[in-house]
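First chain A sits with chain B, and in the next complex the same chain sits with chain C.
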Partner chain A sequence: MATSAISFRAVRKSYGDFHAVEKLDLEVKTGEFLVLLGPSGCGKSTILKMLAGIEAPSAGEIKVDGRLVNYTLPRDRNVAMVFQNYALYPHMTVFENVAYPLKSRRNSRVSRSEVPRLVKQAAEIVEISDQLGKHPEALSGGQRQRVALARAIVRNPAVFLMDEPLSNLDAQLRNTMRQQLIALHRRMGKATIYVTHDQLEAMTMADRIVVLNAGTVQQEGTPEEVFRKPANQFVAGFVGHPRMNFLEARSLGGSAVKIGDHAMETTASTAPPEARLTVGLRPSDARFHHGGENVISGHVLRSEFTGPDIFLTLDIGSGLKIEVRQTNDQRSSSEEALSVAFQPDDVHVFDKRGNRM
Partner chain B sequence: MPHFRRGASSPVESLKSTPTMLLVSYVLLCFAAIVSITPFLYILSTSLKDTNSLFSYPPDWIPEQLFWGNYAKLFEQTSFVRWTLNTLGVGIAITGLKLVMDSMAAFALAKLRFRGKALLTTFLLLLVAVPIAALVVPLFFVVRSMGLLNTYWALILPALANPLGILMLRSFMVSLPEDLDHSARLDGASEWKVLTQIVLPLIKPGLVVHAIFTFMLQYTSFLWPLVAVQSDHMQVLTVGISSLKSNFVVDWGLISAASLLATIPITVLFLALQRFFLSQNLSAALKH
Partner chain C sequence: MLSDEEHRRLRRKAAVRTNLTAFAFLAPALAFLLLFLAWPVASLFIQSFHAGGVMSPAKFVGLENWRRTFLDPLVVKSIRNTLLYSLMAIPTVFAIAMALALSLNSIKVGQNIFRTIIYFPTLQPILIAALMFTFVLHQDFGILNIIMRAIVGEPVNFLGNASLALPTIAMVEVWKGVGFWTLLFLAGLQGLPRDLYHAAELDGAGPLRRFFQMTLPLLKPTFFFSFVFATIVNLQIFDSVFILTDGGPAHSTVTTTWYIYRSLFTFNEPGFGATLSFVLVVLVLLLTAIQTYMFRERR
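For the complex of A and B:
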């Protein structure tokens, strides 16, 4: 059995009374692209820093390639990191920046004469070969990002850590860089931990997502699992755009719930009857012109046209509102009163504490 | 980071462009220039007079006949050259040693983590407030018990203990983004390399300011050298020049000549380095 490239065992990090990370257990396999997703302050960067050796864990074990690294200096952990602000050395040229990990190492396995070849090779992979003589300040944001990547891949580490590497780029560039990062990851075949608060990045890039909030893991799974079967209300609200509707509801026993005056069939077991629940409905799961089962009707309060989609806010009575997405071809003539249907599969039910039922 | 714009809309530009403000600022500058240059010119004038014309009233700003005797006497009958070399030697030694020691201490305070760091920093800050006059007597006993009185070490060692430079370099280092040194550590750098290859090159302006400040402080220090060193050939310029008036007759011409010459090295140094650190600061400020 192959050992995990990265393993966290019961790792905690506290600053005084504040618990930044609580009892984290996590394994990352070689070749896996793991995304830590969560709002700012959820502890995701702290996890990276503990793995890099910038922060020391308060308790627990961290292993890289099966080797305990808790007491190992950052430089001996065989870990490369790409920082949010790139952390390029401003007084060095791009070439010197990329060469730095090769030159600064004691007992380096790389001989001096090999440095230029390796730097050029790394520069070619991230397409900055023509920038090697420049200083970082002469580069654009995207180019700086590439230099930071080249500096990370040049010494061929066991693990890549990326701390919101795309958050300083404009939307267009972010799209291209996302694809290129994944291509780069496949090419290197190493374990990568990628930290972000952007759920779109997480969904599009991850092999596996770990959703964090307030220092604890909320859910761990593939992007599809996290999206289809959110483990609790936090995950349901954080993943997916536009945000899921949360509506107060009552159990009707069995697997049915009542939202205001609308009875809905679900796939969850909602016993006992009369229990107070929260139902989550994604705007994108709404089906129009369906009739029959699981229908919510209401009248349109507001409609926003975004191009391919129209977002409608419906008043469904009992003081409840819900936002639904309508594609252009679903557009109906009568905009005043509308009925939308949700498949039982798409009705997410959460108990009082917000856990999925 | 504040964003500096070099356009007509910047406050400095608009201040200059109003004719009234321009006039006012020139008047103020002229006044300041006169106040600072007058004593200097008077010393120059005095150094070029012989004893007789020295006390004529009203004083002549420009002597009728230039008298070079004071300068000749200074070089022939006093240890002026030796004093200058002592001052430069001690100043360079202190500046060099302080740059090395202070940058290491500042690095520890700015970039390393250890227990009691905040307390230590506060303690250093408090030490800055202690005036040199309060330290002279205890320092004298310490240096005497070490058997270092009347040596160059007596001049050099106590100056190294000034914590101001540590705090100044620390504030320069704290302003560097943390990720830079984290990144260097991950890239394989030891703490020593983080300091010498990453941090120091990036705070060059701070190092130059520190060097100028330390050197000038040493160049003008008087009280401690007066106490620490007795023999004439070990003196620094400040003490040496004041020893010229220890006779019954104060030879103002001689003292003026010495004072005037003593300002030359420090002026040259300042002009040379000032241009460097001003341009450095400017480029750093405009970078972002």
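For the complex of A and C:
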């Protein structure tokens, strides 16, 4: 069995009484691309900083390549990090920035004469070869981000840490950079922890996602697992766009539930009859023109045209509302009343505390 | 579409508008500058061609004062002393202040208390500080000489020795100025982005590299201000000289401002003093220009 490149055991970080990270257990294998996903302030950067050695954990063990690093200096951890704000050295040129990790290591295995070659190589990978003479202030956001990346890859570390590196870029550049980052990761084959609060970025890039909220892990799994079987209401609401509908419901015993007047069959484990539950329905799981089983009917309150899709808000009685997505080809004549069906698989059931059933 | 000619006209108009606004805001400051700087400087310049003027009516003497200024060995000596003093005091006070600022920046508890203590000497008037040092340095009962006696065996005549007097004055000024520069450097240090240091640490830079390759270059704007300001202030060294040695022994602590003061108020030669003042102003301007050139952005 391959040992994990990175491991967190019961790691906690407190600032006074405030716990920024609580009891974190995490393993990342060599070659794996792990994404930490969570809202602002949930402790993502704190986790990276503890691994990098910028912050000391309050409790627990952190290992890199099987070696305990809790008390190791940052420079001895063999970890490279792309900072949230890039942290480029403003008084150095791009070349000097990228060369810095090679030149400043005491026991560097790189000889001076090799530095220019390695810098050029790294610059080529992230396509900034023509910017080497400039200072960071003369670069665009996307170029700065590439410089930060080049500085990280130039010294061939064991572990890559990336803190929301794409958050300052426009949508189009973010798209291309996403693909380039993944290609780069495949090429380097290193353990990577990538932090983001953008669920789309997490879904498209991750081998494995760890969803965080308020310093605790909510769920860990492949993008598909996290999307299809969210462990709790927080994950269900955070992952997937447009956001999942949450509706109050009652158990009918077995795996059936009742939302308002609509009975639905689910694949959830059984709850005692009449138990109060929350049902989650993704707007994108709605099926039109199906009839028969698992149907919710209502009338259209509002419809929003977004191009390929139309978002409809339905009033389904009992004071409940639900948002559904209709693709253009499913579009019927603009009817007032509408029925939508959900597969039992697509009906997510959560207990009173918000945990998946 | 506007023609090129029209574009040019409109651009000029816009530029005038912005400049006018800036000028309106600067006008009060400029008025004060004219009243309290340009006018006195101009009258000084006129005075440098006259003799007398305080006890006796002023008399036009042409370039006589200027001729004397360049021939008087004491002028040369005073400029030499002033520069020598600055070369001793400024680097010393900067080095000590930097070391203190770095230590203060890295301690977590009690920073405020240490800051207050370090700033204390700067708060008292130089007159009192200098008087205090006449006691500290006194050959017979000064505290420093009690210590010196214990170490070297005999007291040191700090202010009475021609080769020690100027360094001693520099020491007093360093003692008094170090609090100010420490706080200034500390403010500079605390304004530096912490992520840069984290990045440098991850990139493998030890404390020395971080200091020489991050802190020093990043503090360049602070240092520029500091060098210019320190030069301007230190080239006018007067109070401590006046109180501690009054130029002695054997003219070894005669500084330019001291000589100007004596010419004006003791030797009753305001014309000569005015000329000397002018030389000092030119010297300050020259050094400031050199520093500005050395600190210019090289991009």
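In this text, the second predicted complex is superposed on the first by the 355 of 357 C-alpha atoms of A that agree within 3 Å, B and C clash if a C-alpha of one lies under 4 Å from a C-alpha of the other, contacts with A are read in each partner's own complex, and residues count from 1 in each chain.
By definition in this document, contacts are C-beta pairs under 8 Å (C-beta built on N, C-alpha and C of every residue); 3 or more make two chains touch, one makes a residue touch a chain.
Small disclaimer: the values here were computed from a predicted structure and weren't measured.
After superposition on chain A, the partners chain B and chain C collide with one another.
Once the two complexes are laid over each other on the shared chain, residue contacts for A:239 go to neither chain B nor chain C. Contacts of A:135 after superposition on the shared chain: chain C is touched, whereas chain B is not.
By the document's definition of touching, both partners, chain B and chain C, reach A:100.
When the two complexes are overlaid on their common chain A, residue A:87 makes contact with chain B and with chain C alike. When the two complexes are superposed on chain A, the residues of chain A that touch both chain B and chain C are 49, 52-54, 73-75, 77, 79-81, 83-85, 87, 89-91, 100-101, 104-106, 108, 151, 155.
Residues 49, 52-54, 73-75, 77, 79-81, 83-85, 87, 89-91, 100-101, 104-106, 108, 135, 151, 155 of chain A are the ones touching chain C in the complex. Within the complex formed with chain B, the residues of chain A that make contact are 49, 52-54, 73-75, 77, 79-81, 83-85, 87, 89-91, 100-101, 104-106, 108, 137, 151, 155. The touching residues of chain B, when paired with chain A in their complex, are 177, 179-180, 182-190, 193, 197-198, 201-202, 287. Residues of chain C that touch chain A in their complex: 193, 195-196, 198-206, 209, 213-214, 217-218, 220, 299.
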